[in-house]
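Chains: A, B, C and D, in written order; residue numbering restarts at 1 for each.
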Amino acid sequence: MITVIKPGATEPQIQNLITWFEARGLKTNISEGEEQTIIGLIGDVTKVDIDLVEGLEIVDSVKRISDPYKRANRKFHPNDTVVDIGGHKIGGGEFQIIAGPCSVESSEQILSVAESVQKSGAALLRGGAFKPRTSPYDFQGMKADGIELLLEAKAKTGMPIVTEIMNGLHLPMFEHVDVIQVGARNMQNFELLKELGKVRGKAILLKRGLANTLQELLMSAEYIMSEGNENVILCERGIRTFETATRNTLDLSAVSVLKELSHLPVVVDPSHATGKRNLVEPMAMAAAACGADGLMIEVHNNPAEALCDGAQSLTPEQFDRLTKKVAKIRKAII
Amino acid sequence: MITVIKPGATEPQIQNLITWFEARGLKTNISEGEEQTIIGLIGDVTKVDIDLVEGLEIVDSVKRISDPYKRANRKFHPNDTVVDIGGHKIGGGEFQIIAGPCSVESSEQILSVAESVQKSGAALLRGGAFKPRTSPYDFQGMKADGIELLLEAKAKTGMPIVTEIMNGLHLPMFEHVDVIQVGARNMQNFELLKELGKVRGKAILLKRGLANTLQELLMSAEYIMSEGNENVILCERGIRTFETATRNTLDLSAVSVLKELSHLPVVVDPSHATGKRNLVEPMAMAAAACGADGLMIEVHNNPAEALCDGAQSLTPEQFDRLTKKVAKIRKAII
Amino acid sequence: MITVIKPGATEPQIQNLITWFEARGLKTNISEGEEQTIIGLIGDVTKVDIDLVEGLEIVDSVKRISDPYKRANRKFHPNDTVVDIGGHKIGGGEFQIIAGPCSVESSEQILSVAESVQKSGAALLRGGAFKPRTSPYDFQGMKADGIELLLEAKAKTGMPIVTEIMNGLHLPMFEHVDVIQVGARNMQNFELLKELGKVRGKAILLKRGLANTLQELLMSAEYIMSEGNENVILCERGIRTFETATRNTLDLSAVSVLKELSHLPVVVDPSHATGKRNLVEPMAMAAAACGADGLMIEVHNNPAEALCDGAQSLTPEQFDRLTKKVAKIRKAII
Amino acid sequence: MITVIKPGATEPQIQNLITWFEARGLKTNISEGEEQTIIGLIGDVTKVDIDLVEGLEIVDSVKRISDPYKRANRKFHPNDTVVDIGGHKIGGGEFQIIAGPCSVESSEQILSVAESVQKSGAALLRGGAFKPRTSPYDFQGMKADGIELLLEAKAKTGMPIVTEIMNGLHLPMFEHVDVIQVGARNMQNFELLKELGKVRGKAILLKRGLANTLQELLMSAEYIMSEGNENVILCERGIRTFETATRNTLDLSAVSVLKELSHLPVVVDPSHATGKRNLVEPMAMAAAACGADGLMIEVHNNPAEALCDGAQSLTPEQFDRLTKKVAKIRKAII
């Protein structure tokens, strides 16, 4: 950590600050420039509150040099984490596709989608039971009943299931859920993250927030991991920018950056990122090409009732085509 | 609501969609252009799922013309809402300053700050007991003890108190809190919003999320109001942009836009928005000048222990100067 | 185009507006809702000034339904444009790699890079002669001498050359340049675009601005095309967002969106987009996988003097590996 | 400047880099931490190319501590610059309002607007002759004729005039123009900036680009100043963000930040920033309250032909009301 001192600071003030740093077990290195004095801090600076130091009268700015996360950090854990979900592995070269409808709507719907995506090669089944919606007047999901229907589909197909949680109080309903998803809007719901950190034997799929940096995503993973649950899967799902041609801007560089900074697996959700059906296939292929460990794709199986088809859901036929193309890309990059 | 049909759609497909809209109680108006057909929808469209319609094969795009919020909407409630907090009114021309430290640290600290900010003219006392922090290793607040200390200060000064909630389970601890704050990171924690909507006799101070539009802020207010608690105070606290000179970019146009769209009071938090002490006073003055109903200012009272001073906290002297300048602005605009 | 009328507008005011629209050769369609009246406009609305209509007292908002660009629009030109640069085709299934150093530095440097990238499969040579730099004190390029060195390298290798223009007055120096590049900062330098539109027999590589939408990019292409030069190649090179882990955020969805809206070829520049050498290869692979028509890659050939190596430049060896991987991806997607 | 070395770097590699720095006249200070070695650089680092150093294999990151601009920097020029435009001073406590129509349309129009805004207290007259428009099919301004009409209005009213330049070749037409405006889209048109730097006896009003940081704005001012023209007025006019309720997001913190970093005057353009007539007055008041040195306001004088009224233009009556309110704010802050 580097502390830049303001031009007018007096010697006793600087000495006072150095003493304070040293009392916290840090070694200091002073560099006196013509315009500015800089104090370098050596030792464990993760516990120094950067805002607090920056607020001091004599301090111009503070720059952290090392990363504020430890458990999610590849520096301290060089090998890829491989998350095993009912025998399906994600990470460390293992690639999986998670597919299913945005919302669970009925027993027929979820089972029909499950069977068709499984046939096309999806390993995990996703489906929303609790739905975060911007408007209180929009459909909020089937809730407990939705989870029951997912478990039914799991029983019939053997596919592990992935579904979103919005409230720690609902955890008992997630007993037989394999992967608990944290949605983008809850990425910094730290109370929820801490509760999920106490869960054992389940993976957490943590989606990047709409306006969160990759470092913040890793800090949120750290919240879960610091409570003991290290089975975290990161998910890039688009960020909010000025561009309106797509719902969000899919940030594929995030895949490479996250895999460099962290050992955790990274999956990509091109459906929510783009919000447009015809962009899902090309973005899925791009994600596979740049090294993502998996994909999360919205599929809806309803040829008869065309009106229940979300803007970004693929039909089973479109999904089948996507899986074949992604498989070719996977083969090309190995 | 306007539905733009794709060029190739057939007459029966369009007729089918019209029938579907009419089954939902909506009247339709068809406009056939050379390139495109447009279906206008008349009636209560708040319950039409825009994503669902946009996902139809024959639909090019959907544009909402009327607002998706009702209770927060000035159109249906033309008069300003005035929120009364222990006799201190906010909204409808009434202006209040909320001041206090970022975190409650000790009995002496909170009482000393309370007394000094009250002397300078602050009506409400703020202080964080539960602190949302990006890192799990940073100080997370004094929690229940912090609320106790706030209540002590309230007892001694008579100032109503404002403090942040992060988990619905903590509500019992907030029994004697006057204003419950929802932080920026929880603006779309819909489960928490619904619980706060059930609270009676307390105002909710709802902060805008880092990357949330003003319409989304109003939809979050609608979540609270639709459960019956209409005492909502909106708070602009800066948004995330590419600019790094300030922590966030304070969006003061939000004050005017929100007051045009909604009847709810709007306060501004220049401390968190800028993250820099020397910007707090000018931004507070600007907020008062453009018609904000109140300000929320971080003040820390610690002349002896200079190290506990956050980057954006004012000293009591700086705060006193700010209140005098703001009072002059308030006088100039009436 | 849709014009939404404000609730209080009188019948004569609305009639007055309709008459005005009709005087401009537009047919109108009136839809009277409970809350709002909407006027649909049918006919050629490209010449209606949307800002002007939006400014009328009785108008609430105006929404354009059809696209404001014609020559760049796929609707009016369904087949892919294929740009031929000295026999190397870009677009319509033809893929090319443009490679070379950020700046031309010396005869040896540019020739050495040209020969090595040609050997690895690059068809076009890039190199900066005029360099746009944020600071007036940074190196501004070799200017005319730089172009001379590029032409020398072209003469020796036969590779067509691509280089950036910053001022229309410099056009005579670009006489033998094959592709003139417009940098991100000049994407809306409309005076320059119009001059380039008058150029014949040269392609224009138009880079997306840091904060420009895809529609604005197409409008800038339209500036060039409306003056008669239809050989425009679009280039996605990252946009400015809140994320700081990469220099810009590469928006790969842009490739698919642009190819859907327009018939023009689209190339991707992963070097400038990410600003980091180790992200260039994965992003190049992703771009190829999602259907880009070409890549633009920074390569620097200087094993001896390591200090002249930009943060994102590849060595010839790294570039060679990239071309092999991209070739595999190209094969997988055909 | 701080250079952070990667963990694996060898002693000879580090020594090699130090030698290279010292050859450039810089003193170095080495700080060896447990995880990282940091090299501090002391001396004139403005000429060190940060990208070049960051690209070195052994370098992890580079952080600039001091500012890369000199002439625009308050550190080297502590007193406010006061720009005198025909006897009207801007900066150093002097405040001026610049007003007029978006585009010059006719002799009657510009003269009528000039007379009315002058009566209300505007000191300078603005009007667009060359108009940057996103679409090549939109009205591009009256060009040379527009400047003639502005000069006519100047002759009759005595008001100095402000108008935008888009091409250095047009400079001869600007001979009698008092303030040359550089629009947001040309803020990084460095060729134009350099030409304006050679102009003598005229002020340059430099608008912030849509997605440019305040540091980049100061670097663009530096381009002009480094060529000898130090009469630069900075203008905040809104930045591009995700929010769509306003055309841009007005960043009023920019006023305080710019005045702290630089001695140049700062004016605010609330008309273009918000794009909405009813937001112009409150944002003008806020700008005055936080210390702006001036305002730039769009006014259109056309009671008969309501259709020529841009979305954000004020009527002369609205402008008159604004000037009275701004005067009250100015009085309150002195």
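FYI, contacts are C-beta pairs under 8 Å (C-beta built on N, C-alpha and C of every residue); 3 or more make two chains touch, one makes a residue touch a chain.
None of the values given here were measured: they were computed from a predicted structure.
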Chain at maximum distance from chain C, centres defined as averaged CA atoms: B
Contact-richer chain pair [B-C vs A-C]: A-C
Whole-Å separation of chain centres (CA-atom averages), chain B against chain C: 39
Centre-to-centre distance between chain B and chain A (centres being mean Cα positions), rounded to whole Å: 26
Mean-CA-position distance for chain C and chain A (Å): 31
For chain C, residues contacting two or more additional chains: 211, 240-242, 244
Contacting residues of chain A [partner chain B, same complex]: 20, 46-47, 49, 51-52, 54-57, 68-69, 132-139, 166-169, 185-186, 188-191, 194, 209-211, 216, 219, 222-223, 226, 240, 277, 306-313
Sites on chain D touched by chain B in the complex: 211, 213-215, 239, 241-246, 249-257, 260, 273-274, 278-279, 282-283, 285-291, 325, 328-329, 331-333
Chain A contact footprint on chain D (complex, rising order): 2, 4, 29, 31-36, 38, 40, 42-43, 61, 63, 65-66, 75, 211, 240-242, 244
